[in-house]
Amino acid sequence: MSDPGKKKFVYYPGCSSQGSSKHLDQSLRAIVPALGLEMEEIDDWNCCGASVGNIGGGRLATTTLSGRNLAKAEQQQATDVITGCAACYLNTHGSNEKIKADIALRRNVNESLAVGDMSYEANLQVRHACEVIVNEVGFDKIKERVTNPLEGLKVAGYVGCQTVRPFANTESGGNYDTFDDPEFLDQFAEACGAEAVEFDFKTSCCGGSVAVISPEKTLHLIKDILQAAEDAGADVISTPCPLCQTNVEMYQSAINKKFGTEFNIPVVFYSQLMAKAFGLDAKDDAGLHRNTVRNDKLEILVKDA
Amino acid sequence: MTASLPENSHKYDLGFARWVYKNINGADKLSMCMQCGTCSGSCPIGSDMDNGPRKLFMMIRAGMKEEVFNSDTLWNCTSCYRCTVRCPRGIPVTYIVQGLAAKATHLGYATEQDAARFAKSFWWSLTHFGRTDERLVTAKYYFSFGLVKGIKKSLENLKIAFGMVMKGRMHLGPPHKVSANKDLRAILAKAQEIEAREQQGGAES
Amino acid sequence: MNQGPASQTILVVGGGIAGITAAVEAAETGYDVILLEQSPALGGRVSAFNRYFPKLCHPTCGLEINYQRIRKNPRIKVMTMARVVSLSGQAGNYSVAVKTMPRYVNEKCTACGDCAKATDVEVANDFNFGMDKVNAAYLPHEHAFPPRYVIAPEVIGTDAAEKIREACKYGAIDLDDCEATVDLKVGAVIWATGWKPYDASKITNYSYNLSADIINNLEMERLAAHNGPTGGKILRPSNGEPVKRVALIQCAGSRDTNHLPYCSRICCLGSMKHAVYVREQYADATVDIYYIDIRAHDKLEAFYQRVATDPQINFIKSKPGHIQVEDDGTPVICGEDTLSREIYARSYDLVVLALGMEPNALSDTSASSRDDYGFIVPMPGNDAGISSAGVAGGPLDVSMSVQSATAAALSAIQAVRTAASLPAQGGSVNE
Amino acid sequence: MSDQALNPGVYICSGCGIGDAVSVDALEQIASSEYKVPVCRQHDFLCGDEGRALIEADLADGSINQPIIAACSPRVMTDNFTFAGTPAIRANLREQVAWSKPAGEEDTQMLADDYLRMAITQATQTLPTVAGPEGDYSRTVLVLGGGSTGLNAALEAARTGYQVLLVEREEKLGGWAGKWSKTMPYLPPYRDPQPNGINDLVAAVEAEADITVLTGTLVTETSGGPGKFQVALNSGGEPRTEHIGAIVVATGWRPYDANKLGHLGYGQNTDVVTGIELEELLDGPLQRKADGQPAKTIMFVQCAGSRDPDHLPYCSSVCCGVSIKQALQIIELDPDASVYILFDELRTPGTAEEFYRQAQEAGVIFIKGKVKNVSADLGLTYDDVLLGEEVTLQGLDMVVLATGMVPNSTNPEIEPAATGAEQLLDDINPNAPIPLAIKLIDEEAATPDAAGPAVVQIGQPESTQQSQAEPPALPGGPLLNLQYVQGPHIPMLADGFSDSHYICFPYETRRTGIYTCGPVRRPMDMAEASEDAAGAVLKAIQSIENAARGAAMHPRVGDLSFPKFGLSTCTKCRRCTIECPFGAIEEDENKFPILIESRCRRCGTCMGACPVRTISFDNYSPNMVLGMIDAIEVPDEFDEKPRILIFACENDAYPALDMAGLNRRQYSAFVRVIPVRCLGSVTLLWVSTALEKGFDGIMLMGCKSGDDYQCHYVKGSALAEERLAKIGETLKSLMLEEERVTMAEVSIADSNSVPNVINGFVETIDGIGPNPFKGF
């Protein structure tokens, strides 16, 4: 494990940080320093293009979106770009690796950036917050930091797709876990003193952007995830992914309507749980007041300190 | 920005396949497909797809251009990347499917596809503000179906939207902007220009 | 020509079917052989197979013949629980350091079994891949050669060990037995180090670790074998019930750039054999074989053609995406049938992963050139005294391994003859 | 020591529970008083140093010369109980008495007593074996076939220090490879076609002093045996005879006749070519044969003739790799050519998978489907199974048929021989059906005529008959024209490939000293064939060395005994000649059998075949076994102690019985087991004598017979079955029930079930009641 002191982490919050996933942004900004890592935000960052940017604007334009953010980060003397959003990671990391590997692409990106007097030298690492926490911090450090263990809380660790696929098990992705059966999220929960329940749907898909565009096609996917969590006796579902968090949380009522179920399982970010376990403020740091689906277990979390 | 497509004279005329290999991100690996079915079998909504990636790839080899670009498989990808990480031949299936969807849009296929509409609204927000305003993107997407449908759709999701607003997770007021917004738009325009230029060249060669 | 007189002894490393064959063929041609095996008994992988394709005959049958050949041939010296730690020199003059592991039972053992009666301490049964247990003092299996007991290291130092020692009337128990290193001088070396199954837990989407009813092809051999954990009855490991629906998944690891890029050659035929095992025991069972291409090369096609006529054995051209495990442990195979375009999710009583073959690692001093996968390959200019036999040189079936072992014996003989500059055999002999 | 009088000594071990199960003193009594054996000793650890020292001392001071060990099974401790190179006679009191019968019971003691009696009798009937090789043994290896396989064989033999005679029917060495340039890669990175190196190989052979090359030469006659083959040759019209030690046959293959593939357009359009024909077109960018225009779109059709019951039932194995190689060569010469490979199952086993990937990277399009036909204008119609539609491809410039391999197990260029052609037709059939689970009657409801349990079989007997009716190998002239009573051909299997016990012992054939390799044995590529050549050469050399020592080849390696014929009583019935699995017995001018010793594998099938027990080995003979049978005490019927005699194959059934004992599985103490070299060596005389002596039942235990035979002497158990079928009459004439004599298929893996087989038979016999001949 290399010394974080040598690294300068620049933070890319992504668009959802200003909307649906404020609580991810909030909690990350709280726990990352608490875990002993410095990070500063990329100045005037732009959207990464998400999963449909390619369709909307084409491949080079989408790559260039990341190119611009990376160029900015380079200007801030970053060594590593860190992001908590799966889609942002996917695009920014993916683009970064392609720009590194493909000279022609790099030339084109820089030709485009030149219009804004920018260029990217392609010497940054783009890393997912979870990978950084696993590889740079480690589970023991998390345990050490816990002052308010989340005893008795049963957590279903729902990793989702893009946090681990296609990069988690690759060299450039930091080789920090497997594609189908990742354990880091459960280990996070355990480190926080909670109980990680046996949950086989860790990496099954919530429907991603298709869930936003045509929910009717994907509600059953989310239903299966909720069902598995309920069967496992989970109090809350924990996830690292903004879109997963929104989809699994927001569609519960629609699912209950369509399938006659009665799901009411809060979906929180792992970082919210960590913030709480680190004894930070439930509202200002953990942002636990922002979760729409609530049960008493969640309320207990919010209250006790 | 449409790269000219080769016309294929007969089944398995490789003109189209070679065009795809060249013009779709990751498709240079497509020739490695051995039709094992792992991709389609791993897809979370594979049963909703008319062809699924595996058969789509065979159709590309067979030069079935129209069928490929009109296939709903392009629009049902949830980007879960299971196919990509499991492909025994290392083919970036997700990228190729998305690339094909992008091409289909630019080539004027599938204008009625929900995902195409959404992508359009998304890109609109992006090029206007440099960031995605979930509220505006969704609204624009809904209304792309026409006023009536739009209102209907937004009402369907009013409950969700309201919940978000209450929890301060839907931004109200003027959208967040990239300050160097103009530059960004110019940069993107340039990028699209370059891409168009290269594909024209690509198609000729 | 080089230091010391050339040795005409041939060292065969690995006592599986390839090593055994190389050893007996060389010895029966008139050369001295040392046969090295790292486990307590010869026979290697095939001794744990129930039967061979395509004849469905028992490996022990051929092994019995080979063991008799070894018993009767004074030219062959067998060393078990031994492996090569270093090798140096050149054809005619290799010095090989061999490390021997303690068996705690010496050559006085008569296999009478009194030691096993002395304790009820049990350990995992390696021969059955841990699917059952054996007494801490055990004979590796009923056909073990040499037929000599082993004491599990786990009990050494416990009073169980003492009881075992006291129980032996023949002074065959040696609890002070320990690791030792022997130096051998040999003229040629044949690597017959064989293979291991690919690690199923690396194929996370096939959930090998998540259900007792998902087993691998080697475990299936034990399950079907009369001296296996179930006495030869193919039963669900989870609940001991008979099986009705069985799935055999090909290319579990093989032909996959995420795992083993090459084809392991034997799995298709092995699985067809497994299908026959099931159908021989269950008139009403159905077997689904999931495959990419059925690779029944050369004459073995006939076996495929025969198996394919069984209406209850289905060949499904599909590499499954993943296996879901239901709460009761039932495996559900999910994938696409590439011929019908059906997206299926089918539950089974038993799923067998046809794991590919991975070459066993060699000590770096093996003085052999290996390809990216670890198979020993005859690169031009290789040391003439070193050769490989069987799967150490590539994924082969038994017949081909025997073929390559016989060829390896010849090249070893050539090497020692050349090194010792023996005269050409005359055109004729008068005796 | 052969002239020395037999001087046995009995050594009884009381260890391993034997002493607890039976009275060793009683046994000693039998030896000393009943049989008057002068030296008789007991020990509680006979296989230990001290125990063996006893025996060695007695041998040393000459007080004995034939030790009889009454202890464990002859299968174990063989080395401990081998003295002066000769394994001692053994009585199996451990595995088959102490470990499988209740201790201290009368029946157990009687069993042990009988086994000791049998062993002593066996000893008195055993003569020391002496090697009997006489005359001039050749060490020259004849290699037949000058293609890549044969060239490698010749070189390997020469490099091992043996003289080689390489015979090729064509004027030029090199075979198919000589006409071509490249081969599939067999070295890392397994990616690109490699030069096949055939010219260097030919040069190396021609430069080798120990190799004599005869091209344009045919073998006209072969007689003799290993070390003493007499091979007559016709070398360009001029006859010559050679003295040969062993023969390696590498006659290779020929392409399947494409004229039989009319439906694939062959012969209708000049641009439908075979893969063979394509090889000659690959020296430049591919051109259409019709008009010389560049061929831009080329379709390879796999399995053209192979894997097709109407043509070749087997997979020719190399075609996928060869088509990939040719596709890559075409693309290398013309990068924008469109090359397709239409396959049913793509077979690139092992590291050849890399070669497949290489072709995909190069842009070769692989299409899974079954071809229907190719029209005269090159319209190719097939089922595109992955698109799920029938496709007709137009605009092809060339269609390449990947035709299969036909083994040259005969020489199609010469006249079929008068005799022996039947070997091409009705030999062992690898396509025979596999028996499956026994279906219960109610499950058979579907089929009305279901009467009782029926063994279900899979595999198509009909199509099997077809492939038998017209075997893939066209009957031609014999390769070696063997002057064997059993015919001129090297035995071959029904699929046309030469005989080989093709799993454990691929080089075992029914013609000792003659080893086939390369595609005549099994479809294989050049790399595999060159390795196969080395293997065959090793066996050839082995047979030369063993012949010179007068020792047997596999599986009774080193056995110096051989069958001797008492011609005075021989009736010239020819059974031994016909039934010998190895064709080792010929006839002299008076039609008396003569043994070609170095062909003999010592199985004793001749002994079992002989109706007048005139054939015997020094250490295995009808009289020896009759003596052993006679030594067994048969109580009279009032004792209610039936006696059952079992003849058990020493390689499968006998080990299974030992392992049953090892697992302490109990079975009836009424049985007496005599291990036999092979059921083929069991003469009916033993059976009838035993019946006359009052044995109540007799069982033959041997391995599986038939097409998936497991007999190491090929047809031992099949022969025993045949002979046993004949005994029905004898039994009737003796007024005995047929059930008293039976045969059981017991494999070496039956250690769990063999006790039930035995106990079941004992019950049957109980049911029938005692043999009336008792006490006569």
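Per-chain residue numbering starts at 1, and chain names A, B, C and D are given in the order in which the chains are listed.
In the analysis below, a residue touches a chain if its C-beta (ideal position, glycine included) is under 8 Å from a C-beta of that chain, and two chains touch if they have at least 3 such contacts.
Just so it is clear, the structure is predicted and the values come from calculations on it, not from any experiment.
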Quiz item: Is the C-beta contact count larger for B-D or for B-C?
Solution: B-C
Self-check item: Closest chain to global C-alpha mean, per-chain Cα centroids
Solution: C
Quiz item: Which whole number of Å gives the spacing of the CA centres of chain B and chain D?
Solution: 63
Self-check item: Distance from the mean Cα position of chain C to that of chain B, given in whole angstrom
Solution: 50
Exercise. Measure off the straight-line distance from the CA centroid of chain A to the CA centroid of chain B, and report it in whole Å.
Key: 23
Practice problem: Provide the C-alpha centroid distance between chain A and chain C, rounded to the nearest whole angstrom. | Solution: 46
Quiz item: Residues of chain D touching 2+ other chains?
Solution: 346, 357, 386
Quiz item: What residues in chain C touch two or more of the other chains?
Solution: 205, 255, 322, 338, 341
Quiz item: When you check chain B against every other chain, which residues touch at least two of them?
Solution: 34-35, 55, 82, 85-86, 89
Exercise. Go through the chains and record each pair that touches.
Key: A-B, A-C, B-C, B-D, C-D
Quiz item: Considering the complex alone, what residue numbers of chain C touch chain B?
Solution: 205, 251, 255-259, 292, 317-322, 334-338, 341, 343
Quiz item: Where on chain B is chain C touching in the complex?
Solution: 34-43, 46-47, 51-52, 54-55, 82, 85-86, 88-90
Quiz item: In the complex of these two chains, what residues of chain C are touching chain D?
Solution: 17, 24-25, 28-30, 50-52, 54-62, 64-66, 68-69, 71-74, 108, 110-112, 139, 142-143, 147, 169-170, 225-227, 231-232, 255, 261-265, 276, 279-285, 293-302, 305-307, 309-310, 313, 338-339, 341, 371-373, 375, 377-379, 394-396, 398-400, 402-404, 406-407, 409-411, 413-414, 417, 422-431
Quiz item: What part of chain D is in contact with chain B in the complex they form?
Solution: 338, 340, 346, 356-357, 360-361, 363, 365-368, 384, 386-387, 391-395
Practice problem: Spell out the residues on chain B that touch chain A in their complex, using ranges where they run on. | Solution: 1, 25, 44-45, 48, 76-82, 84-86, 92, 94, 98-99, 101-102, 105-106, 114-116, 118-120, 122-123, 126-127, 130-135, 138, 141, 159-160, 163-164, 166-171, 176, 178-180, 183-184, 186-192, 194-195, 198
